[in-house]
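Each of the two complexes below includes chain A, the first together with chain B, the second together with chain C.
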Partner chain A sequence: MISIQSLSFDMPGSTKSKRILNDINISIGKGECFGLVGESGSGKTSILKCLAGQFQGWEGAIAIQGKSLAETSLKERSNTMQMVFQDPYGALHPRHTIRKILNEPLAIKGLSDKSERILKALKDVGLDETFLPRYPHQLSGGQRQRVAIARAIILDPDIILLDEPTSALDVSVQAEILNLLTSLHRRHQLTYLMVSHDLGVIAHLCERVAVMKSGEIVEVVSRDDLVEGNVAHAYTKVLLQHALSRE
Partner chain B sequence: MKNAEVVRNSDYSLKARHNPEYTRVALFVKSFKKLCRNPLSASGVIIVALLLICAIAAPLIATHNPLEQDLARVLASPSLAHWFGTDEYGRDVFSRLVYGSRVTLYIIFLVTIIVGPVGLLVGTMSGYFGGWVDSVFMRITDIFISFPSLVLALAFVAALGPGLEHAVIAIAITSWPPVARLARAETLTLRNSDYVVAAQLQGASACRVLFHYISLMCLPSLIVRLTMNMATVILTAAALGFLGLGAQPPLPEWGAMISTGRSYMLESWWLVAFPGAAIMLVSLAFNLLGDGLRDLLDPRTE
Partner chain C sequence: MDVLTVEKLNVTFRTDEGLKHAVRDVSFTLRNEKLAIVGESGSGKSTVGKAILRLNPPSTRVTAEKLQFGKTNLLACNEKEIRAIRGQHISMIMQDPKFSLNPVMTVGEQISEALSVHRNISRREAKEAALEMLKEVSIADPEHVYSQYPHEISGGMGQRVMIAMMVIPEPDIIIADEPTSALDVSVQQDVLNILTRLIEKKNISLIFISHDLNLVKKFCDRVLVMYGGRVVESIKANELSNASHPYTRGLMESLPSLKHRRETLPVMTRDQNWLTQEYTT
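Moving on to the complex of A and B:
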């Protein structure tokens, strides 16, 4: 579904550019849920930004469903790939109602049967139609994140990029959103690429995890190996220990 | 399954359910009440409202015809018959002031509907696209901003000939650059925000992002800026009128009234004092209103 080969990216700076991604190789199958874990600044989100088209000028090859990403326009990309952001407060336009937020992707695509699709997407994320005339500031953080997820799935994409979708939320709300993501994954046959610094969240959702450190992938481990502590690289062990000691 | 539960909105009233516009109207009423709670901005609101009433109901409020000359009562001092006195042709100053509010509002309205969209368009485009678009637009803005505005307006009116419309164009040309800069600065902070990225990911065109996402967020500060700008517009219009380049006689424009009254100022103070007071009061009112709107609309001051 997603294949990333020898992806490198240099962040252009004022004097010299800084390499923030170095020789990344990932291959994600259809319907898989793949995690990226690592500390801040390790380049997890940068991979998503390369995929989402926010970072231009990367080197290497990215292919989505066999099609080279460099040759697909943002408009074509929007049919297969959507993103859920970390901050539910910044991800929704503060002066758009929920109706407008969910209507926008449909209007851009020029689709008909808008209201049915909006209602279905809302129902999918566990909200009802009474939310439609409201503004984002009238919603709680968890409800906003649900709206953001509804916006991501309303166009029936195959891939959803999740940029720390739960880290800005309360622990109890985190669990709700994770459960929601799990059930959507099953019902819609979605492929997830999820970024998180929380191994617990990743282990809950993802079958395979890539551990990142300073722009490189140090190890790709399966969930079972992660849970059993069956990891090879020293850095992964440190991360795992941290995660266990917190619990 | 827990997540399949539908979350209900407990405080969602029946009234809101039937009227989707309810929240918007309620918000507006609440904001207006908040605006009027501050005595300074409330006085601004009242004076601007009075100006509007004067302009709309001018024939009802004015005691005389503003253009009717009465050479028997030239330069009469304020009395019961002529509240603010009469001018050198015996025209009633009060009635001319009342009708002059129409001219003033006309100028403000025209300048604002030119300056607002132009500034918004130039500013958001240069902020959003960046690169050479930004460079070109901002250099043009710099050129316009580096001219002294009254001199540019003078040159423009001199080239086109005096007249109200030409004065309006001249004022508009000199007052859009600050609006464009403001819109650009706002856009720069918005263009990498998550909701703009989300819109781009949905395949939204640049045009759509600019109109549906960025402009909407620029509007509050732009409205404040334009309201403050109205005070400057009134003063510039009065200055142009005073120099004989704005409204032409016998149109009762406040600046022009001061200009003609200047020759009789020492004997007939009312010819200059009342139009001057009107200009001062109205521009002060727009400044106060702008301040009040800024407190209300700018999220950073909360």
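Moving on to the complex of A and C:
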């Protein structure tokens, strides 16, 4: 579904550019949940940004469903791939109602039966039509993240890029959103690429995890290997030990 | 010995939508220990910490039957007396060092300044003591860090600098409000270890405000669980896994676990009674 080969990216700076991704190779199958874990600055979000088109000028090859990403227009890309961001407070336009927020992607695509699609997306994320006239500030953090997820699934994409979707939420709300992501994954046959700094959250949702450090993937491990402690790299061991010590 | 006694603390904010009763009848006694206050956003945990030092905005109404710090009645203190207590006797570490350090002053100057405010010493002595303090918080190259600005150091380093500044006047109590939640996991532990070492060495009591149950379970001695402005449970940290209040249990269970993965995580149903019912052990 997603194939990333020798992806590198240099962030242009005022004097010299800085390499923030170095020789990334990932292959993600259809319907898989794949995780990226690492510390701040390790480059995990940068991979999502290259995929989503927020970063231009990367080197290497990315193919989505066999089609080269470099040759895909942004509009085509948004049909197959959508993103959910970390901060549900910043991701929704503060002066747009929920109706307008969900209508926007449909309007851009020029799709018909907008109202039905909006209602269906809202229902999919566990909200109802009473939310339509409301503004983001009238919603709780968890409800906002549900709206952001509804916006991502409304165009019926195959792939969802999840950038720390629960780290700004309380643990009880995190559980609700994780459950929602699990059930959407199953119902819509989605492929997830999720970024998190929390190994517990990643391992809950993802079958395989790439561990990142300083712009490189140090190791790709399966969930079973993680649980059994079958990890090779010293940094993975640090993360794992930390996660286990707190259970 | 009781370091701080809080009885029936109530805090009310004036907002556009009217009065908001953020803290309701909170009572606890702090001894020489690491006491955690945990809760979700909006539970009032930070407001409790700030109310002790009168750091809430001026429009806030704070009432209590008792707010006793050693021999001092904090309720009777005027602004000048409270200022003498802040930093010197009770100090506070905030969540993000980026916003609590002065961006246009080098790290070393800030520590020196903290020293000279609290002690009557020369500039050279202040610098030497600041370097000593940086060494105490495990900074490898104190001379170098001394002359750096806050934006040039990492988050973990910044938080160590904050700890150094707060520990300098050797206060009786440190209130730490989410001191590690802005940090990466691999540095969290270092910062906590440094904090523990210093407060044990200098006999400081700690109020540790956090949303992270797993963290306080390991790190603290006792835990107050707050919900809707009230303390719903007070429990020894190592007994958190056997908590009796449904809210505390719900929080513990909603965390994803590596060892015992569940396909669906339990979701809490909140009971209206938690907001009013008196909790008994």
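Assume the second predicted complex is superposed on the first by the 247 of 247 C-alpha atoms of A that agree within 3 Å, B and C clash if a C-alpha of one lies under 4 Å from a C-alpha of the other, contacts with A are read in each partner's own complex, and residues count from 1 in each chain.
Note that a residue touches a chain if its C-beta (ideal position, glycine included) is under 8 Å from a C-beta of that chain, and two chains touch if they have at least 3 such contacts.
Everything numeric in this text was worked out from a predicted model, so none of it was measured.
Of the two partner chains placed by the overlay, only chain B lies in contact with A:Gly90; chain C stays clear of it.
In the superposed pair of complexes, A:Leu244 makes contact with chain C only, with no contact to chain B. In the superposition on chain A, A:Thr130 makes contact with chain B only, not with chain C.
In the superposed pair of complexes, A:Asn179 makes contact with chain B and with chain C alike. In the overlay built on the shared chain, the residue A:Gln145 is in contact with neither chain B nor chain C. When the two structures are aligned on the shared chain, A:Leu199 is found in touch with chain C, with no touch to chain B.
Of the two partner chains, neither chain B nor chain C is touched by A:Thr191. In the superposition on chain A, contact of A:Thr45 is made with neither chain B nor chain C. Taking chain B and chain C in turn and counting the residues of chain A each one touches, the greater count comes from B.
In the superposition on chain A, the residues of chain A touched by chain B in one structure and by chain C in the other are 176, 179, 182.
The residues of chain A lying in touch with chain C in their complex are 39-40, 141, 170-172, 174-176, 178-179, 182, 197, 199-201, 203-204, 223, 226-227, 238-240, 242-247. Taken together, the chain C residues at the contact with chain A in this complex read 40-41, 155, 184-186, 188-189, 211, 213-215, 217-218, 250-251, 254-259, 261, 263-268. Those residues of chain B whose C-beta lies close enough to touch chain A in the complex are 1-9, 12, 16-17, 20, 22-23, 193-195, 197-205, 208, 212-213, 216-217. Only residues 52-54, 74-79, 81-83, 85, 87, 90-97, 99, 104-105, 108-109, 123, 126-128, 130-135, 138, 143, 146, 148, 151, 155, 176, 179-180, 182-183 of chain A touch chain B when the two sit together in their complex.
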